[in-house]
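Two complexes come next, and they have one chain in common, chain A, joined by chain B in the first and chain C in the second.
Up next, the complex of A and B:
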């Protein structure tokens, strides 16, 4: 048992009702009245970030809802999970958002999906359910049938208003001018600089978490792959890892190596796509064309290796479905050409003053804000947050390989570009190591039935840490909480754009690389 | 045959059709009605230097008011239903609608639920279905050709 648990027990002794440890997850059942104090202690005193907050409907078992607060401890790869119980008849609990800003959306999500009210929340508006959704209907409650089509009701969404001389609003979306996903942005502007931005999302909410509870386990991997299309592998791997943890499976070393290769291929094409997007948005067409061609090279390599341009259909519970296609030498050769061209591209970009002028000092995300919102992935690392799941909570075959976690302090669009560029080179290095040391043997273990249980899965997607918490029962999924990195990162855009001019918004948005579908689910 | 050769052959056929029917070019507005963004990856790929569909007379435009065709992805979520309808109504007639990807065709893995309408044709009329998850760029180009054939037939019928 680690020192953190000891100090929590010491600090709160009798208020900790129950402690149970499973794998590297310690669950502490605590009194709901004390949750603010305890979260505050763990977050500020023990300095552990909240990586996920979610609810479960356990009314069938003991007549109550549960809320789980997941804290991550990187030093010994463990998790502390606080659990509170909420009675159906009094569906209220104290909000921790005033102490821990990153809890904001989680609590509003729980309010919409379960009807549990965070008391004292500074912004208790609806988040996922739109204004035309009837009151008192909560999709993730067990007594809500997935096929229900609640009628549309009248209602209005109230935006934050900025008033004053010369202040005007610019509404953008949900259907945008570019080929991107739907979402709404409302700018308050005085002259050119942005003085406030409010984002409104969840247009692509597809009821994924409810769907998980209504499909068979074999089908669930495919659903995980379709939560955020360009992060298919990361979602599939995280899902499979949680299931394998529940089933107590050790997957074959060859499968772990293959997963590592797939995860890094995904990172490479995503990072190159982001750099291409930044070049497009500053109207540097030559750079954009070059980067898009490189991305296509990676997509075609993906197809040769897996049969799918987006690396889909490879992962399964217990390992991987197919071995990698193409010879080792051919993959290595393709990668070295891609890396050579990518280096040339980056040299070219960094020596183009018209591009650099647009991205340096633009869209600065300060470290304290990034930390407060728990911004993850390359965006967090570009703002000085030294966190990477591949190192902090290692999975697949990452423990065996050498790689650098790239961190920068500047926090502007330029820093995010450089962090991604350096990560591409690290990823190429990782794939080379994985291919050179690729062990012989099986690629999957057969799984007939998943036992009842629960576990966390975690993975560093191209956009940052992705988390699944799954509870199984009777070879079915009882609850599957999915936390995409974009759910953490979206709010950071409201801060990164402040005092920037509206024409720089697309570049800042691109540099944060946010998934709408992953966020909305 | 390499991807480049394949695209060259398909593209030329497409170009001929567009010249016949539209005179010069076909304007497409892409609408994401709740896709997982994989289809967007492939639509964006159509504009990269390998496929470069602009050279065959296909333009992806910024507004539905400039479009001859809507290329719709996603199962149409409850929250996007109204936006899709508005976009459709803003597109001048005669217009074509292509449903791209398995979700757009029939809801795909997301099906018909509280949050998903279960396919584009539940909301607006669809002329052509392009299956795949996501469809490869070649499949999208092929789908567009089928859509143009259909438009040609529609026009002929009216003339008769």
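Up next, the complex of A and C:
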């Protein structure tokens, strides 16, 4: 047993009711009264971040709800999961948000979806159930039928108020100027600088987690693929990995290599698109046009290799559905041209003063804030958080390859641009390694039935760590928790814009590359 | 500025003449699925279709298998499941239409 579990047991001895280990996940059942103390100990003393908090409705089994707190240990690729039990008649539990800021949205999500109240939460407003949603109706409870159409009620959402002489409020959205998804931003400004920003999301909450519980497992991978359009592969791979872990499947090495290639192709086009977006937002259309052209080149390569520009329909539980080994030379050639042009473009961008002036020192996200909110992915790495699932919790074929995790300390838009640019080059390197060492053999193993069980799936999407926790029962999905990277990263925008001027908001927003769709599930 | 001009000239025109000149999707592209008369109405494709856009009807001595492109996600599972090679994804991608009826393809057979 690992040292962390030992020290938790030593510290809390009889309060740890049950310990069970499955794969690299250790589940500790604990008393709910002690959850704040224990989370605080693991988070601050053992220095492990909370990567996900979710609830399950297990009233059919033992008449209670369970809340799981997932901590990630990068040193030995393991997870510690604290589990508390909450009685239906007393649906309350102590909030940990005062100790661990990143728990904020998770606890509010659980409050809306399951009706479990985090006592002492500093901001107990509703998050996903809007004010027109009736009280006491909680969609993820098992007794809520998926076809239910609850009546609309009257209600009001109270925004934080910022008052004072010369302070103005600028409401933006939820409908925006471009063809993008909805989200509300409420700026408070004194002159030009932003002194407060409050975001409001979940306008397009679709109930994806409920949907998962109502479709068959073989079809669910296609749903996972469509949660966040430009992170299709990452979501599909994470879902498949969780399922394969439950089934105890080892997928063929060739499939693992192909998955790695697909994941990196996805990362390349996403990062180039983000850089194009940053160039657009500072009105450097020359740079934007060239970056968009490169992105299009990658998308066309995707199409030629997999039949889908967004790499869809490639993953399945047990492996991949199409072999891409035959396109090896084409991928290598295309990528070398794209990389050469991309490098030249980046040199060009960094020698353009009109661009650099706008992005240097803009939208600074400080390391302590990024750490407190558990900001993930390239945004976190640009603020000095040295965390990458490909290295810390290796999956697919990443263990076999060499790559550098790019970290920068500056935390501004420039740092985020550079981290992405360097990651593109690392990704090209990874694809080359995967193609050169592509093993022979099958690309999928046949899966007929998934046994009962539960497991975590984890993956580094272009936006950061994506986590699935799935419980299966009777070859059906009992619960599927999806944690998209944007769910962690959205709140960071409230801090990144402070002291910046309103016209810089679009660049800061773009540089954080936040997904509405992945967030509003 | 000179560098920008140089790069712009070098890059030239990147757009294609589409739609004046047809843009043919590469081989292996997952486009519009088509049903051929090899179909035996076994219903395997109906079972595996994730969005459930393939269905079966029986009316006045005729059975019909229909597929709607409205909800099709072009995953190709029907093609995979078909034991007779009756349903195939094609390279066709221009599917826009003014009515939903235009987006339904069917195959009929006398009972």
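To be clear about the criterion, the second predicted complex is superposed on the first by the 519 of 521 C-alpha atoms of A that agree within 3 Å, B and C clash if a C-alpha of one lies under 4 Å from a C-alpha of the other, contacts with A are read in each partner's own complex, and residues count from 1 in each chain.
Rule of thumb we're sticking to: contacts are C-beta pairs under 8 Å (C-beta built on N, C-alpha and C of every residue); 3 or more make two chains touch, one makes a residue touch a chain.
All values derive from a computational prediction rather than experimental measurement.
Q: Quick one: on chain A, after the overlay, do chain B and chain C clash, or do they fit? Just give me the call.
A: Clash - chain B and chain C, as placed by superposing on chain A, overlap.
Q: Tell me the contact category for A:43 with respect to chain B and chain C: first, second, both or neither.
A: The answer is neither, since A:43 touches no partner chain.
Q: Let me test your reading of the model: by the given contact rule, A:177 touches which partner, first (chain B), second (chain C), both or neither?
A: In the superposition, A:177 contacts chain B only.
Q: I'd like to know which partner A:187 touches here: chain B for first, chain C for second, both or neither.
A: In the superposed model, A:187 contacts neither chain B nor chain C.
Q: For A:348 in the superposed arrangement: first (chain B), second (chain C), both or neither?
A: Only chain C; A:348 stays clear of chain B.
Q: Does the superposition put A:222 against chain B (first), chain C (second), both, or neither?
A: both
Q: With both complexes superposed on chain A, which partner does A:307 reach: first (chain B), second (chain C), both or neither?
A: Only chain C is touched by A:307; chain B is not.
Q: So, A:207: does it touch chain B (first), chain C (second), both, or neither?
A: A:207 sits against chain B, while chain C stays out of touch.
Q: Please work out whether A:106 is in contact with chain B alone, chain C alone, both, or neither, and reply first, second, both or neither.
A: In the superposition, A:106 contacts neither chain B nor chain C.
Q: Once the two complexes are aligned on chain A, which partner has more residues of chain A within touching range, chain B or chain C?
A: B
Q: Which holds for A:230: it touches chain B only (first), chain C only (second), both, or neither?
A: first
Q: Where on chain A do the contacts from chain B and from chain C line up?
A: Residues 219, 222-223, 226, 293, 312 of chain A touch both chain B and chain C.
Q: Which of the residues in chain C end up touching chain A in this complex?
A: Contact set of chain C toward chain A: 3-4, 7-8, 11, 14, 25-26, 28-30, 48, 50-51, 73-76, 80.
Q: Taking the complex as given, what residues does chain A use to touch chain C?
A: Its residues touching chain C are 215, 218-219, 222-223, 226, 286, 290, 293, 303-304, 306-308, 312-313, 321-322, 348.
Q: Give the list of chain B residues in touch with chain A in this complex.
A: For this pair, the touching residues of chain B are 3, 30-45, 47-51, 60, 62-64, 74-75, 77-80, 83, 86-87, 108-116, 133-134, 136.
Q: Going by the contact rule at the top, pick out the chain A residues touching chain B in the complex.
A: 130, 139, 144, 146-150, 174-175, 177-182, 202-208, 210-211, 219, 222-223, 226-230, 232, 273, 289, 292-293, 295-296, 299-300, 309-310, 312, 515-518
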